[in-house]
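We just call them A, B and C in the order they show up, numbering each chain from 1.
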Amino acid sequence: MQKHSFKLLLFVFSLGLILAAHFQFIDQYVITVIMLMGINIILSSSLNVVNGYMGEFSCGHAGFMCVGAYVSSVLSVILFTKDRIFGAPLLAPDLSLFLFPGVILIGGLVAALAGLLVALPSFKTRGDYLAIITIAANYIIISGIENLDIIGGPRGFQGMKRVINAMEDRLDIPWMLLWVVLGTIFSVWVIRRFVASTYGKGIIAICQDEVAAEIMSVNTNKMKVAAFMLSSGLAGIAGGLFAHVYGYVNPQSFNILKSTECLVMVYLGGMASLSGSVLSAVIFTLLIEALRFVIPELNALAHHLRVIPESYEIGQVWKWVIIPLILILTMQFRPEGLMGARELGDFFPFLKRFYRNRTTE
Amino acid sequence: MEILVQNIFNALQWGSFYALIALGYTLVYGVLLLINFAHGDIFMVGAYIAFFLTTFFLGEYGVIAPGSLAGVTILMLAVPLTMILTSMVGVTLERVAYRPLRDKGAHRLYVVITALMCGLILENGNLALLGASRKKFPELLEKTVWTFGNVSVTNLKVMVIFAALLVFLFLQFVVTRTKTGMAMRAISYDKFAIPLMGIPINNIIVFTFILGSGFAGLAGLLFAMSYPILEPYMGALIGWKAFIAAVVGGIGDIRGAFLGGFLLAFVEIGVVAVFPSTLRDLMAFSVLLIILWWKPTGLFGIAKTTKI
Amino acid sequence: MPLLEIKGLTQRFGGLQAVSHFNVAIEEGSLIGLIGPNGAGKTTIFNLTSGFYKPTEGVIRFNGADTRSLKPHQITAMGMARTFQNIRLWPNMTVLDNIRVSQHYRLGYSIWDCLLATKRYLSGEKKINNLAEDLLEAMGLKDYAQEYPKNLPYGLQRRVEIARAMSIQPKLLLLDEPAAGLNSSDVDGLIKLIRWLQKEFKITIWMIEHQMKVVMSLCSSMKVIDFGRTIAEGTPEEIQSDPKVIKAYLGDENI
């Protein structure tokens, strides 16, 4: 029984969350924050596969998110809604109830294919040179989409809200929250399966000594492709969910700044620590939202104390000064990230009883 | 034909900017193996410092009588002052953010993330303090246009290109011919042996940051004179591009940074001349990606051989 | 047919001829030595054999198959394992994991089995786990299964690296200076270990070694190379008295 208690707890928690949203115990704002949190968890844990476990430095994660977001958005608009450009829906909008996860997964698959853009050069090069390739890939993807006028180009693409509305017309439950929760659990579960298996540990071997890995029968090129495709595919799923949460995507929302956010979450949590990535995504999301409320208070306080000129207002712009500052300080005091390369179970051994580790049973 | 020559001049000018910024990346990388992602924003800070200096000398703040200094004099004063002040910004980052992490033996990538964060602070701190309104850089030099046939070149353009060339020659001399330059190159090979040889490692690193940031300041000043609208995010894109240029040239190599900078500029101007300008970034980055695919360590970079 | 046959092997790095016209035929079950002064090209020969470099010229046949077009991991999967001069264990992975990851060529499941936790995955992992534990037990490393190699003393690290190579269940084991950096009691242990391995697992061993004690007590025959060229071959006794070998190691008397 104890072995399954973690799964049970997760199920009860997710169900509780969805019920709470359905019966409006939590308002729309909180729901949005929770959805963002889920998306950030997918992003940071999937980037950790490449940057933490495999020890590469990919700084173009948002590019793959962009591919997933656009592919699944366009697909769901074509399939399920009447659109000005794409015409009548190809399928009955009601089907979206069942086919939506498929649409998101296809977005993920195409993003995984886009991951090859980075995976193939990684055979020959690594480290900082590969980092550049990932940055270039991010720029190429974004400006490629900006030049595709049919899906809106730089103006962005919308219409996904109608798909969600169609779902809600059919059955009134908070669909997006459900999908995000499922997507998050799915992603973390996939990554955990991968890095805990002997197969996936091949990428940890590559990180620690690539020559030894190749000599000890690890097919390093294949493992690199697997890691990059898994990572970018999950980023694509995160992108698809992101697009449907907001109902609108714009190429510039997936620029290098978004990639930087992903990087920050990985290194804040600790390289090669899955629970660290999840934890840091939660903290990071909460931090951003908390500052939304803290900054006006800070402004009032500063005016009250008369430490700043009367005419100057501390605005939300300061958010992006304070967050980097907090991160810099965190790194000064914990240069290995919150968790280092360890998992929660290493800090609190009693936790280990609650989840099964299939490789060591 | 005229268009071609005109475009070559434009490319040379843009290449000079890329090159001046790229060498800051390359210098720091060559010594510390650190990608100083804040460098593009140091360039932006340089432009703003230049803006405040020139408006100060023009008498906007009432300390100096307006018009008491000629434009050329102001430029003569602004160049060294901008370089000094900007290099102080760079050195501050190194002392406050990077060195403590290095001393703690943090993973290299944590220093890189710190650099990224420092860049964000510079950008957004600027936005928060000075507001979103763009600054108009005053005109210091009377614009002279030299015309040869149908090709016209401004004195500013020529100045930018010459400045880049001079900086290149100066740095090439410093890095390859002086003792300090030798120490700089040595640090990247073996950080532990350097102090044993009696070389003050931290001084050399600070010197590297002074050089890199100083020339970023110069680039900022020249850029502000050529494109006189300043905004806090002006350093971000140009910084990333210059970094990519440095890598394509072979990061850690002065020649590589310059060659990469000019190469990027020529590709960009070339693309714009033939295709719609929205394709500029797409094509430029694709070309760079192909170059890196073909020569993974860049044009001048030396592949590190793994000893087995 | 010899297990490993190398003919006319030549490797150039730019202008440098690191190995030139090297020949060897290693019969199954033998224990052959390869010696030579520092920089003679011994490790290069190993790197060529294990597929890490592609030879400029020459033929390498392992177990009857031409290995020149194969990747190192494919050659390893054919039954050739090696150790490194400067130990290359994965320092932050437990000893047990070091062994387990080395089973990559015969996991018996695909990435999908792993993600979906199929029966094939579970039985594959179980098999690998048992295999690794049995091997550690046999090599006397059971107590260190959960240790990180970086925390082990040098002698034990060597042992773990040999165990990792053995976990491939190789036909041919290449040992690159297994005694380097060991103290004399460790060296005695190593000699015993290698003898035992050969007897127990019936493997063929080809080793690079400097320490005469190791070479003399283990190898049935050996080759000496200098500047990439073979200068002598024969039994250890013959080699020891060969004037060309003495010259290569100690220099010319006339200088």
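Definition applied: contacts are C-beta pairs under 8 Å (C-beta built on N, C-alpha and C of every residue); 3 or more make two chains touch, one makes a residue touch a chain.
Note that this is a predicted model, so its numbers are computed, not measured.
Asker: Weigh A-B against A-C on C-beta contact pairs and write down the one with more.
Answerer: Output for the comparison: A-B.
Asker: Among the chains, which is located farthest from chain A on the basis of C-alpha centroids?
Answerer: C
Asker: Centre to centre, by mean C-alpha position, how many angstrom separate chain B and chain C?
Answerer: 50
Asker: So how far apart, in whole Å, are chain A and chain B when each is placed at the average of its C-alpha atoms?
Answerer: For chain A versus chain B, the centre distance works out to 33 Å.
Asker: Where the centres are mean C-alpha positions, what is the separation of chain A from chain C, in Å?
Answerer: 44
Asker: Specify, in ascending order, the residues of chain C that touch 2 or more different other chains.
Answerer: 52, 84
Asker: Can you list the residues of chain A that touch 2 or more other chains?
Answerer: 211
Asker: In chain B, which residues are in touch with two or more of the other chains?
Answerer: 308
Asker: Give the list of chain A residues in touch with chain C in this complex.
Answerer: 190, 193-194, 197-202, 204-205, 208-209, 211-221, 226, 341, 358-360
Asker: Applying the document's contact rule, which stretches of chain B touch chain A when the two form their complex?
Answerer: Those residues of chain B that touch chain A are 29, 33, 35, 97, 100-101, 104-107, 109-110, 112-114, 116-118, 120-121, 123-125, 127-128, 236, 240, 243-244, 247-248, 251, 278-279, 281-282, 285-286, 288-289, 292-293, 296-298, 301, 306, 308.
Asker: Can you tell me which positions in chain A touch chain B when the two form their complex?
Answerer: 51, 57, 117, 120-121, 124-125, 128-129, 131-133, 135-137, 139-140, 143-144, 146-147, 210-211, 256, 260, 263-264, 267, 271, 314-315, 317-318, 320-321, 323-325, 327-328, 331-332, 335-337
Asker: Which of the residues in chain C end up touching chain A in this complex?
Answerer: These residues of chain C touch chain A: 50, 52, 71-73, 76-77, 81-82, 84, 88-93, 97, 100-105, 107, 109, 111, 114-115, 117, 121-122, 124-125, 128-129, 164-165, 168.
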